[in-house]
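The letters A, B, C, D and E name the chains in turn, as written, and every chain counts its residues from 1.
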Amino acid sequence: GTDDQPDSEPGSETPDPSAPSRDSIVIAVESDAVTMLANTDVNYVNDVQIRNIYDPLIERDEQGQFIPGLAEEWESIDELTWEFKLRDDVVFHNGEPFNAEAVKFNIDYILDESNQSFYLSRWTMVDEVEVVDDYTVRIKTSVPFPTLPLRIADDLLIMEPTHVQEVGNEEAARNPIGTGAYEFDQWQRDEYLILTANDQYWKGEPQIKQVTFRYISEFSARLSAFLSGDVHLFKNVPVDSVANIENDDQSKIEMIGSSRINYLALNNFYEGPLQDQRVRQAINYAVDVDELLEAVLNGYGTKMTGPLSQINADYTETSDYGYDPDRAIELIQEAGYEPEDLNLQIDTPSGRYPMDTHVAQAIASQLERIGISVNIQVNEWGNHLAKIRQRDMQDMFILGWGPAYDGQGTIENLFTENSPYSGFYDPEVEEQIYAALPIFDENERKQAFDDLQHLLVEQAAWVPLWQQGDLYAVDDQLTFIPRVDERFTVFEMSWD
Amino acid sequence: MENKSRLAGFFSQLVRSPTGLLGFTIIICVLILGIAGKSIAPFPPNEANFINKLSPPLTDGHILGTDQLGRDILSRIIHGTRVSLMIGLVTVVFAGLIGTVIGILAGYFRGWVDIILMRIVDVQLSFPFILLVLVINAVIGSGLQNIIFSLVIVGWVIYARMVRSEVLALREKEFILACVATGVPRWQIIIKHIVPNLFTPIIVLSSLQIATFIIAEASVSFLGFGVQPPEPAWGNMLSEGKDYIFSAWWLITFPGIAIVLTALGVNLFGDWLRDVLDPELQGKS
Amino acid sequence: MNERKAILRVENLKTFFRTPRGIVKAVNGIDITVYEGETLGIVGESGCGKSVTSLSIMGLLSKSAFTAEGHIYFDEKDLTKLKEREMRRLRGNKISMIFQEPMTSLNPVFTIGEQLSEPLLQHRNLKKRERRQHIIEMLKTVGIPRAEEIIDEYPHQLSGGMRQRVMISLAMLCEPKLLIADEPTTALDVTIQAQILQLMKNIKQEKQMSMILITHDLGVVAEMCDRVVVMYAGQVVESAPIRTLFDEPLHPYTQGLLASLPHSNTRKKELKTIPGSVPRPDDLPKGCAFAPRCPKVFDKCLTDKPPLFEGSVQTSRCWLYEDQLAGGEERRLQDV
Amino acid sequence: MLDYILKRAIQTIIVLLLALTAVFFLIRLAGDPTALFLPPDASRAQIEQFRTQLGFDRPLYVQYFEFMVNAVQGDFGTSLRTREDALSVVLDRVPATFQLAFTALGLSLLIALPVGILSAYKRNSIYDQVGVGFTVLGQAVPSFWLGLILIYIFAALLRWFPSGGGGSMMHFVLPTVTLAAYSVARFARFTRSAMLDILSKDYIRTARSSGTPTRRILSRYAFKNTLIPIITLVALDLGTLLGGAVITEVVFSWPGVGRVLYQSLLNRDFPVVLAGVFLIALIYSILNFITDVLYAYVNPQIRVK
Amino acid sequence: MSEYEQSKDSQPIVEAPAAPLLEVQELKKYYSIDQGWFKKNLEVKAVDGISFSVYKGETFGLVGESGCGKSTAGRTILKLNDPTAGGILFEGEDISKLGYGDMRKLRRKLQMVFQDPYASLNPKKTIRQILTEPLRVHNLFTPKERIQKAIEILEIVGLSEYHLNRYPHEFSGGQRQRIGIARAVILQPELIIADEPVSALDVSIQSQVINLLLKLQKEFQLTYIFISHDLGVIEHITDRVAVMYLGKVVELATTEEIFSDPKHPYTKALLSSVPISHPDEQKERIILSGDVPSAVKPPQGCSFHPRCPDCMEICKTKEPVTVQLSPTQSVSCHLYPKE
């Protein structure tokens, strides 16, 4: 933005422009938070907001590696028990101390069915939380749970127990208390959320004193609010608008390869040509991912060759099918078809992933180059997801998955019969997946996941596209380092 | 001969009204585009050309520029004419038919039929048009047929109301009584005497409804339930282009102008038609 | 009779309408004189221009109408030359009008009192109370019972006859010099018509005003008028004192009209008729407008338009009287 | 009057019940909300459990009756998303919607009435042609397009007004203009034709014959008559403005009922959608009722008896 | 030689035969006006028990002021409205209970001419369609013959084949009324009810149409029920007259009796209200005070008593019965007590 209007808190009159006090920030997000309760709703937009109020036990650095948060260290004592040592210098916004009871409360909160936490299914393997002493806590699981730290890092945030118990969930959902860098101030549904700095924050005093999340659903409105200086930061700039922002001398673009991956699912749940591995391979040959990336995404994205992205802990390099239309035709013919026989459908959501409908249209035109006819079905997101869940999808669909930091979270949830998100299922593959999951030994586990990745590539289980390139529009004077986990950690930001 | 002179009279009246003539001209142009679009369009509408994407108007023969996939906007608008017109016309035809039948039933037989049908109408009127279209589309999914279907479901109501009140008035007219007195069977009274007298108001209403439906399609597309790409329709062009007002204004400007012009033409013509056909106004002059 | 002062003189008035189908010559050159204190009847068939004439005098025609030619002198002022503002000062004050449709001529959303205040508000400088008093008196004069209550009621609460009385009181409020009544009783029942006609007679006598009474009913004319003007297709075809007209009608049209009344014929026998129907104003014959229906038509009628031939008390627009009556003035020969 | 109110109330209740029924079944057809609420890795068992919690496992008619029984008591359940009371989720948005709708309505009338009256009075003049031209144009412009263009010009290029959100007076300008554009067109056209109709009435001629000046005829006599049809139209449109401002609310991120309904629909947050539909239908009916009362007030023919 | 011309030769039956063609017995038609769900509907007693007979070949007149129920009576007799009570005997058969379908067949013999020549013709139909439709729905003749009939009847009513393909709006009021009459006559009915067929027409046209009606009556031996408020026309054309007031027949007599010796005070007042026909004519006026009361709340007793110049005490409470004063004249008034 041009004019210095740092404080454009909605509801207030425009502040005096002569006082360029740069201690507040406005971040635009697509939609309202659902609730201010932690550990309840899995929605991304919700998470990025409340993570400024609540802290996790385990954090990630910008590259997604675990670093200590409220927990100073953690280890697995045996296959079924993890122990966490907690910080002893943290207090909640209301002055209550943070301790092991708080951790227990929050995990129990997830496990308590009456709270209807959407995280519950991921945590069912947790049996019990044991408070060892004030700052030590043990988590016992019913089966080996090697990825528990990951769950803890990605899901668990710490709410103040007595507050929640006293006021009840409904009130706590409107009036949160955590240990985070920012304290809750006000929340106007569908308009804004205002947080103010927690000067007692255990990591130090935040530089930015006030954060406003404004809810602007239309991109154009978001961009214009940004360009006019009402908003200082927002995510998901469409690739074709990047130049606009870069050309504005008060603005800049920050980009990072996200942990979220996009792919073209090849559905073999459903009787059809795609049940033939050769046809799936042919499609892998016929789709020119490089061209898509370059032409549709203007290069903003990192190409993938297998099921996992490079930032995934279990990533191994797999070979790329490359673009080979002739080979594609051959394979189709081997499978007993002519490309012209094939009439396939691509389902795509609209506006869910960068350029999703355009990617679908571009893929369609690539497939049409070798003679396959393709029709496109654009679904409203709810319908798209429901179709996948109900296994009503036709031949192919576009979907994204994330955050995908580990092999298990991705592969188990994508390529088994229970989970229809890749549209791919093969009994042999599934058997191998289930064999790999409980392996606790680091090396063995790595090997198993390496093999799985090669197998999936060979099976042409899907057409891997790319690691989404997250594009942020940032006020030129704001120091903001984008994170793979898509979070707005305001504590880490500062004005020049 | 009679018809010829009526047609001639129609045109001579049209020529004298600047707004009517403007509307008529626009409609004719749009119709020509809709019918002959394929042969007029300079490029295939769905041919992606990534190298040329988002080129501004007047580059490389793309008079109105290209879109995100390098497709020629002019060609897409021309092809979209067909879809938009089809939505307008087909919806009007079906909504008109259903609404008319229901309106006649309610108006002619009155009593129970009327009460039930009119409560249904009330229900539908008690929540907003666009919301209803959205709900229906959320249920049945998006796509051309579905849009038309939902617009029809929503659109018949206005016809039903209008036709009902016309029929209520008509059935008290002396010429209908005269039919009864002559011994004309009831169904013949409806079909031969009431229906022909509904044509004028229906045509006038339809001429205005077409524009409403074309705009409604665009709105529904805008909210994400539109015609399936790559098939170009004005609404989905706008919806695909809405994120580009800053980077490529032509994406949203030209299809928007196409809609506005068409709706304008249809409305102007409809207004004029109403003035000309309205027997009251005619009687007075 | 000639010594009497003319209060209104209409000279060669032509009122035309612009329509999409061209110019309609609704009133095509008429001359009317109204003397002080007399009642002039205008009769003629539907569409012959009676209402347009009266509206021209009042200056109440719609925008598509224009005065192509002619003058209307009222109190020696030419109304066709007056500005709207000046005309407004006359309307409802010096000249008033009663309309045919008592049902639609009153505004349904205002009380009787509110509507009747209007002429007083415009032309008289009265306080609110005085106005009300005045209105109530007027309502009583026209024979409205419960005037104090009726004044606050709405038109739909009154019957047709009552409304026509209200219309009359509206016209009479400022005691105009000239009252134009355009078919004041056509929409009413005979018994009510008799009441209203009686009332109008009384009021006229009392207030010593002049009146133009427009009607298609020769009976009403016979009852009310001193002189009669017969119109046909936008023109005056005959004018005469009332008895002369009934006893010695000159124009074949007037003769036909009188002859076709049921009273003038034997019961159950065929009535005498005028064949054919009134020509449309945009489709007038070349010669005399009545020629196609005239039983006494001869060659000249078909080719030349007759001027208005004037006798001492009677005028007639018919070639039959070319010799008997004085010839029309030159200008009339030319223009038609 | 009392029995009239009773009759209206009964009618309204029937319409509301029918509307709720229609939307209930429509929305059940829209499919299962579980997909959108549970994380993608939720197990089948958990999905089942969630469905049980929502009561989706029971026969549809049982769900329907239970819903209706609760709905009649004003209980639409809790939002699946926010776990707040569904009706209050919608009710919270009513003020914002009302503000926008009434400002837009005010603006529309402020422009439309004079334009309509004058173009009727000066029929076929240049003024009329231009006026009519603009009103037809107003109806031909899709509101989202107008909204985006306004944002582009006035928020982004000129930076005169904020591009969205609620709050200060400045925030009202663009959404109000967008929302009003269509109604201005409609009202002006309607006023014009109603006025034309009234001006040709006999009683206007009567007023003129009393020597009343034109201005007074327009502003006092004809205006009150025109008001009758206009009130009906305004009520009809106000209903649309209140519930139908979806697009404007989405484009301008206006925290109103339309937007929350739209989002709840996308999220398959059924209780909120149903509560919203109920509320809109209710408001609409109430408005209609108020209209009728107003109508009776200006139209004495109805008032008596 | 056409059928129509043939029938010219036969003599019209003027003498009333013993059996009436149409007999109306205590006919009632009440309209109910919806007053909401919780109020009793208002009842408009538009026709409240009228009885009369019409004989073949005669012209029976119905007069009365606006709103007294003339049109309702006419329409109810033709079953364009369902009667509330009472009998309608046509050629001895009670048609008051017939359904739409059965009635349809009878309509060949019962026709109607309407008041408004503009509203009574469908603007979307050509004259050909309007005139052939009655023949078509009654399955008379072949399509070709129907057109032939239409042309014949057009010529009889003074129009020509040349007008066949025109639309109603191309005709003047008088011409339209002729078409309306032609439509009624083309089926050669027994009875025509003419509801104010001339009151919308100009004086000079009125006489043409009356002549046409007289001519047709002679040619086809038609029976008319002629409804009008114009006493001049009634006097000229009818044989017998019923005077109606507020849904009731107050006096019924031959036309001569009514006009020369009216008995009911209302009839007298009505006749005296007719404007004079020559300026020299002197007329004794009975100016009635007050308005016609509404049919929703008819006054107690004799419904005419509030306006009646001869009102007596009994009139205010007791409804008069019909008294037969002579074989041809009957009246309902307390001035003429039953012996």
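Note that in this section a contact is a pair of C-beta atoms (placed from the backbone, for glycine too) under 8 Å apart; a residue touches a chain by one contact, two chains touch by 3 or more.
Source: prediction; values computed, not measured.
Visitor: Within the chain touch network, how many edges lie on the shortest path between subunit A and subunit E?
Guide: Minimum step count, subunit A to subunit E: 2.
Visitor: Name, by label, each chain that touches both members of the pair subunit B and subunit C.
Guide: The common neighbours are D, E.
Visitor: Pick the pair with more C-beta contacts: B-E or C-E?
Guide: C-E
Visitor: If you take the mean of the Cα atoms for each chain, which one ends up farthest from subunit C?
Guide: A
Visitor: Could you please state the distance in Å, as a whole number, between where the Cα atoms of subunit A are centred and where those of subunit C are centred?
Guide: The separation of the two C-alpha centroids amounts to 89 Å.
Visitor: List the centre-to-centre spacing of subunit A and subunit D in whole Å, with centres computed as mean CA coordinates.
Guide: It comes to 38 Å between the two C-alpha centres.
Visitor: As a quick test, compute the distance in whole Å between the mean CA positions of subunit C and subunit D.
Guide: About 53 Å, centre to centre.
Visitor: Could you please state the distance in Å, as a whole number, between where the Cα atoms of subunit B are centred and where those of subunit D are centred?
Guide: That gives a centre separation of 22 Å.
Visitor: Could you list which residues of subunit B touch at least two other chains?
Guide: In subunit B, 138, 224, 242, 245-246 touch at least two other chains.
Visitor: Hunt down the residues of subunit A that sit against at least two other chains at once, touch-wise.
Guide: Counting only residues that touch two or more other chains, subunit A contributes 218, 220, 223-224, 227, 380, 382-383.
Visitor: List, in ascending order, every residue of subunit C touching at least 2 other chains.
Guide: In subunit C, nothing touches at least two other chains.
Visitor: Mind listing the subunit B positions that touch subunit E in their complex?
Guide: Per the stated touch rule, the residues are 2, 173-175, 177-186, 188, 192-193, 196-197, 199, 279.
Visitor: What residues of subunit B sit close enough to touch subunit A in their complex?
Guide: Subunit B reaches subunit A through residues 46-48, 50-51, 53-54, 68-69, 137-138, 141-143, 224-226, 228-230, 240, 242-248.
Visitor: Residues of subunit D touching subunit B in their complex?
Guide: Touch list, subunit D to subunit B: 11, 14-16, 18-19, 22-23, 26-27, 29-31, 129, 132-133, 136-137, 139-145, 148-149, 151-152, 156, 200, 239-240, 243-244, 246-247, 250, 258, 261-262, 265-266, 273, 277, 280-281, 284-285.
Visitor: Give the list of subunit D residues in touch with subunit A in this complex.
Guide: On the subunit D side, the touching residues are 30-44, 46, 49, 53, 81-84, 89, 92-93, 148, 151-152, 155-156, 159, 162-168, 170-171, 250-253, 255, 259-260, 263, 266-268.
Visitor: Using the touch definition from the top, list the residues of subunit A that touch subunit B in their complex.
Guide: 218-220, 223-224, 227, 238, 240-241, 243-244, 291, 294-296, 350-351, 355, 357-358, 360-362, 364-365, 375-380, 382-383
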